[in-house]
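Below, chain A partners chain B and then partners chain C, in two separate complexes.
Right, the complex of A and B next:
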């Protein structure tokens, strides 16, 4: 606290954290930069498709169909037809649920000037605890209560895992990027151990002991989130999507209408100034990380009790939902509405390029990597759209002050 | 010079030296329970460890906190591990602790980390955070083996891989230097992009098959004269540990020395470090901060890619999607653990390589009796790094201006 307050005040009026600076400039352009970013990223993806000798238009059309977007013109408003189109859309919405949570996990910390790269590890710890509670514990509880306890404990596991990074940041100044990456890998190996052969959460079903996967919540206790849309047993959309939408609303209210949110944003904008104003920077660093982890843990909890029901070593090692959360939060500009929309875009891209994609149109193995590339390009152009906004702010500055500070751009 | 003179004229038993001796005793306590000594009773290890801990307490009380606590912790660990070793069968111990091949395996596991961490040191010493080491390494791994496959020579393969890594470095440099984007975001983008590009290109070029066998491999340097070093057991050990190492491992050793020399003994190194510590001062005396940083980040990409190429061309002679599996992040951890110094990072890389080699062997020997032991060993690099960044074992201090974009005036 004191060492921050003792430092001289910052020279410029800009926020002192990179994340804060980014936020300021991102807000300046409204919805235009994110839309341009997405269009440009998809365009570059199309160039790659064309270079590799495929037709970008048919590939993208196939991805849209794979994401089930054609439901909106095929049978819009009619939820009773359960064909492939509907199935694809429900799958996209399932992943939207997950991505909203993992996106919020990055966005909330970001508003406090912290970069939570650890969404993946927090999600993984949530998976472990969710499976433990759901399939190995409390099977005599009423199903509804069991689900609530399971999702809550999964969320808490994520919060604790992120809270470690928050505490280290607050008290010893350890950079949250380094600590969250390390915690990701510790969680990765811990979960691999739990679900792996001989691990404590390994399948106990006779004949399945050599399968590195956990018991199924569905089979053990049937404590599952009820199905909202689709055939139960066929990965249907569950009521968790409403929890995700509620999380968006809570995110907005906490940030914009509460003292906690005010303090978090103040610290994110400029920790030195916030400390001058009597805000505890340490407390907010810790709380912001813990709340971020809570969102990531919620993603895991709703996944386990909503549609995955079990988790295996391969799930843990191949999962990238936490990293997708980074792209979601950056494209969504760390706002509630933005995260919701970006989560839908990336969820559609994720499902539409993998299992939803018709292999005759475009190879899913190629498209899955295309999806990663587009995520990378989006993140890259979030950096590059600073250029546009920077030039914009320079143009204004030129009229305001005679000093030029932007040579070389 | 006086400092060096004092080192030799001062009292023999300084607290620090007592602490270091305690650390060595703690290691010895474990070591004598292992092959080839095979002490089967716990008395001698316990005695050694007790003396080590006592030395640690003395050192800590006399003011050498770091060495003292190190001795206490390592003494306790040493006796615990020795206990486990005495309980374990001699056969299993001999599978795991064949020292010569364990050391050779350590170098194989450590070398990608050595290259990656040298890259990280160049980039961070010049003031640019490089989270993208992982992605640059992955680019080197794919394009390296592709180059070796197409050109039929491992040398051009590695060079092509390095060029691909350098290109990623150049993109990161442009983003973080020219556009002043958040360097963490840039690095995350590089990682996602590399994952997508290599995966896409791999599927596009090689389809469902892998790279065909018989690709030009990195040769091993056969030092048969080591085998004839007297006495016989020493000769066997030296030949087993160092006699058949890959050429790129030896190049890695040389590069560590060269990097140390360049960074700390030449004007170029002084300029590079000045850009990372105080870019404005460097600019004032006529150093091109942008130029130095561009060169350093591009070089860092090439070095990291060389480490990746070693993995694909040198170790497994093929490619898997995401085959670097987080080694870039461990390399980054080695940079921090090594306090941004080449020899420190090399030591850290060897420690991490040793724990990886050990994990591999423990998995083979004890998979039946002690499930999860190999997994615990896998998390070691990450746990150690967490402890280091938390400042428990001495504080590591990054370059002052690292992560801050520089604006010319």
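Right, the complex of A and C next:
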């Protein structure tokens, strides 16, 4: 008790939103904490691998190969070799594209002091709209225009879905964590209905009427995002990855170089000061959520028109890309560069532990769980390193910087 | 250092001596060869501006920091504290500005915590014994406090007494109080002082940390002034004056009284007519206020906290919608539901009462904070595109013009001291060239140097023809700065005075008394 009682009290005013406080802690440590977080999560994963009776080092080497990272030393600079290594890398990059978008969907709201847990639901609504546009109408449109319209409407669907939570937050004060989780379930069942037997978007191909899966954009209209790298028939990497990279740039520019971003960040740090500055807090709650949802919808749009082409009830129900976005945003510290890198790490982990993993190294049944486990550990350690940073800042307040130890120093 | 012996103390033993204490922090020399001593039964004030090194010195004494050089003697014996536990064992007790109490536990439980009387072989708290001990202790030192009350149910002033009792319970005979009046109402502060005098009579030695001149003169026997980490002088209370102490604190002549020429009011710039405002709980806090502020005059509103001043300011600045009534700015009537932006555009500038909560986004840079109102207009931005270099250039100019120290445009506002933060807020508001400037508690929590600067600046702005509405809970500030004084009580303006009124006149009106009662 004495130790607690005798510690000088923290003096500094904290941001008034919980996400704002989290942000502050995250920013305090620079790039070191997220790197340590990732290393520690992988280390703990290694411990679990060892407990399960495998060699962690060979398992991780297997995961790296599974993710296609060995391309960088096997074929670096040579994009013409289309072997397994190249294929694995393209698969990792496909998922990177998705994770960048879903990561930004969490990160943008975060910068406004909001937790967008609803990336999954926003993504799902984007899937439904993307498939509806791509496979069920607009076949008379030129392919390029069809794709643009499809991706745009999928993005808008995500924006509207998240915007609902933003409006509820702004006008009745409903907490966005609760409402986005509820909207996730609504989207889940809505999409299950659409793609399920007898649903409006269920397969119309003769002989396929009993499959709980939608028509394929590829077969119906062939309106797809062109292939960048790989074999068109084998889930090749599409040009959407450039859209994802552009989204990272736009994210940075909007936040740091526009009045919109200024308002969003002001509200995120201190809604009351923002209001005093003449900024509408309600408007920004809505806009930040809607823009977040836009990113999640873009993930769905590029997935549908880029490589998935169709979606079934099982796809909708098993998908976790929206939730992976939370881990991406947390590890990436809600910054553009951080989200980009974290998306690549999680994408590699996702593919490298599942389809890409050599079954001789590690049973795929175990490996899939390893991916989820490391994701979970990262989220856990992000929370833990915030705690560590917090304790560290107390320590610093006490021993290092007199100004922070109390106003009366 | 001049050796000072109060006649009262001449034969009392020295209980504490600190000699040549030096503490270097990475960026600042917080204590530079500071010496300090305390004799039995005295109140020795440690006076200095924010950042002068008062708390560092006391944290060293209390074992929280290790000094780089210097010696501490207690009762003549040299001591070295590794932690606060050692300090407590040597008879030191410290009451921090922020209390370390557990809200859901009772007064008695909080006081005995960590050294509680037990029964059943140490397994159970002997609550009755604890309560009896606390009651005895309270009686001995003349504290009125209920041992069974829960901390969360008692006032801040009483919580502070619990902290003091906690130290006494641990057998402290040297008490360190860190800015004890900062959290108290004037009434509670005078109660604290009578408690301190009781303790003094019982032989306690007290170190009283403060930056307020009047209270130091009221309670201390001796006063040691710190400035930028150095002990400047130790003086006895007898013969000390506020002006003299302020000069020691700041290192130059300080004008404690505002020196201002008479106002030359021009046309009416701000006019309120029968304004009614409700608070968040729908209570009518402003009940028909009418007032006028002319160009080139300062109108002050005096009143006890909670009589509608906050809501009035919020209504004029557009943060809160008024229920009814007219607000006319520069001859143009504002809409009943005008928001912050519309009020800003009509020419209202507003130094808010809480700079951390409203005035600044602490995690924004100074440049971003300086643009808090204007970021959406040219030249700060165009078509939604911000120009960071324009922001930085203007901020650089403001920092220079308003003497804001300790940062550049890219520094986070959080890292500035309170006085510099407030100067930045004032700079931003004045730079927008508003017709009406509302200054709500403009000097709250600031030290004398910053207060002097802001007061002088407000008078300068007045003389440039701005209409200034000053709202302050510091009666002295209202009286010395205002050309006209309005007294607000329960949401109404109950009296108006010209410059030169006395505190006594207004004091009664602030509490709802009638004018006749004073005359």
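Heads up, the rule we're going with is that the second predicted complex is superposed on the first by the 386 of 409 C-alpha atoms of A that agree within 3 Å, B and C clash if a C-alpha of one lies under 4 Å from a C-alpha of the other, contacts with A are read in each partner's own complex, and residues count from 1 in each chain.
The definition used in the following text is that contacts are C-beta pairs under 8 Å (C-beta built on N, C-alpha and C of every residue); 3 or more make two chains touch, one makes a residue touch a chain.
Not measured: the values here are computed from a predicted model.
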Superposition-derived comparison: chain B or chain C, residues of chain A touched: B
Which of chain B and chain C A:44 touches, first, second, both or neither: neither
Which of chain B and chain C A:197 touches, first, second, both or neither: first
Which superposed partner A:370 touches (first chain B, second chain C, both, neither): first
Chain B versus chain C as contact partner of A:265, first or second or both or neither: second
Contacts of A:64 with chain B and chain C, given as first, second, both or neither: neither
Touched partner set for A:84, first chain B, second chain C, both or neither: neither
First (chain B), second (chain C), both or neither touched by A:148: neither
Residues of chain A contacting chain B in one complex and chain C in the other: 405-409
List of chain B residues in touch with chain A within their complex: 131, 171, 175, 178-186, 188-197, 199-200, 203-204, 290, 321, 326, 329, 332-333, 336, 367, 371-372, 375-376, 378-379, 382-383, 385-386, 389-391, 403, 405, 407-409
Sites on chain A touched by chain B in the complex: 18-19, 21-22, 48, 52, 115, 117, 168, 172, 174-175, 177-179, 181-183, 185-186, 188-190, 192-193, 196-199, 323, 326-327, 330, 363, 365-366, 368-377, 379-380, 382-384, 386-387, 390, 405-409
Chain A partner contacts - residues on chain C that touch it in the complex: 25-28, 30, 50-56, 59, 62-65, 83-85, 88, 94, 96-98, 100, 113-114, 178-179, 209, 211, 317-319, 339-341, 344, 350, 352, 356-364, 368, 371-373, 375-376, 381, 384-386, 388, 414-415, 417-418, 445
Complex interface listing, chain A residues touching chain C: 1-9, 12-13, 15-16, 20, 23-24, 256-262, 265-266, 269-270, 272-278, 398-403, 405-409
